[in-house]
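The same chain A turns up in both complexes below, where it pairs with chain B and then with chain C.
For the complex of A and B:
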């Protein structure tokens, strides 16, 4: 696995360079933070555990309800989106985006960063 | 509210019922994440209440303090026997963990809440962060439930 500083650099760049992205966190499948760039009001440990648990629960729902392999979990709230996706077998990526974000572009940007991050965390 | 007749302890059977019920509804992994996270918070709060946060005692002293807080004189979550430092990782040797209690020999059950509590306590005492893993089990031929904790920052 790449050093935490390298992961932080990639995630930081993703958050600052992509319009409407408000934060991101890369966490282990068991819910520990690898790196995060989150708004100051958010608790990193809790956010990491919630993201990994949520993705796992979504995968279970996909299996139990015969929905196949889960691409992503999206929570759409009045203030924006939280998107959780697998980053290979070794990490989960959480992305926070503003309400104004275009979903198609958001998912495309997430797919791009996953390509960069996946080899770094495997 | 205190329980006048029943006191502060519940049966392991009921605690295990909570775990297996959560596993049934949420799946093993999501349950494990939730319980490890809950354990970490418990461990963190416990050592803060005891005034040990940031105290960084010797590992022998740390094991003894954790055993006192979590063992037979404390909340009876588990017995903490010793802690070994192997550089970037530390190994915590425990037994009579609530997670392994009541399980058949050979069971694949892994410690979650107990491991999280021990990890959260040590993290708060030392001011470091670890990724814990249950590496040896009394249910699978081990003499102890061993939690190996790798430093992550």
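For the complex of A and C:
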């Protein structure tokens, strides 16, 4: 596993360099934070646990209802998106994006950062 | 068909997932992930959302069981689950006194949100260092002048034992609904 500072750097860069992305967190599948760049009002511990719970439940639903491998869980609210994706076997990535974000672009950016992050956490 | 919904809660490693797996007649919907925190010292996997199982009590009644995660970082799940159920069992590992405070925290968390029938299920009572029932009750904050819920010993791996504890919980639930 890569050093936390390297992970933080990648995640930080992703959040600041990608338009419409408001925050991101990399957490363990059992809901502990590895690194996060989140809006100040959000509690890191709670956000991490929620991301893991949601992804796990979504994957379970995908399996139970024969949807195949789950690419991502998306929560679309009036103020924006929360996207949860697996990052290899050992991490979950949460991305918060503004309502204005273009969905296709958002998913593409997430795919890109996953490529960078996955080898660092496996 | 009448549906009863109950929660199975308690600290990490108290036996919640096992309890539901042992008795459920359907394949349990579980959301286990590999533990990476101090939980990994106790067991390999840990519940991160909830477990779900069911039992048919008789042709007219069915029991839905929801197991919560144990760690307090998942307290949002405690809140979601506890608001859906009519009664709950708090599992407490009798041989881990360091967890009693955590069990008490779960109790307080629930009591602040709902007032529903509950029982305490003591697990691991045959393990070395297990506390006596009376002492555990005191440690959980119950005393003579604070009405204590029914306390049962339960082996989460034994279907008969789990069934017995559910009977006690259902009796508790019935006694309240009649009043």
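Going forward, the second predicted complex is superposed on the first by the 122 of 122 C-alpha atoms of A that agree within 3 Å, B and C clash if a C-alpha of one lies under 4 Å from a C-alpha of the other, contacts with A are read in each partner's own complex, and residues count from 1 in each chain.
What we mean here is this: contacts are C-beta pairs under 8 Å (C-beta built on N, C-alpha and C of every residue); 3 or more make two chains touch, one makes a residue touch a chain.
Predicted, not measured: the structure shown is a model, and the values here were computed from it.
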| item | value |
| --- | --- |
| Clash or fit, chain B versus chain C on superposed chain A | clash |
| Partner chain(s) touched by A:4 [first = chain B, second = chain C, both, neither] | first |
| Which of chain B and chain C A:45 touches, first, second, both or neither | both |
| Partner chain(s) touched by A:62 [first = chain B, second = chain C, both, neither] | neither |
| First, second, both or neither for A:53, with chain B first and chain C second | both |
| Which superposed partner A:31 touches (first chain B, second chain C, both, neither) | both |
| Which superposed partner A:80 touches (first chain B, second chain C, both, neither) | neither |
| Chain B and chain C footprints on chain A, overlapping residues | 28-32, 45-46, 49, 52-54, 56-57, 60 |
| Residue ranges of chain A in contact with chain B within the complex | 4, 28-32, 34, 45-46, 49, 52-54, 56-57, 59-60 |
| For the chain A and chain C complex, residues of the former touching the latter | 28-32, 45-46, 48-50, 52-54, 56-57, 60, 64 |
| Sites on chain C touched by chain A in the complex | 29-31, 33-37, 39, 46, 48-50, 69, 71, 73-74, 76-77 |
| In the complex, chain B residues that touch chain A | 26-27, 29-30, 32-34, 36-37, 40, 129, 131, 152-153 |
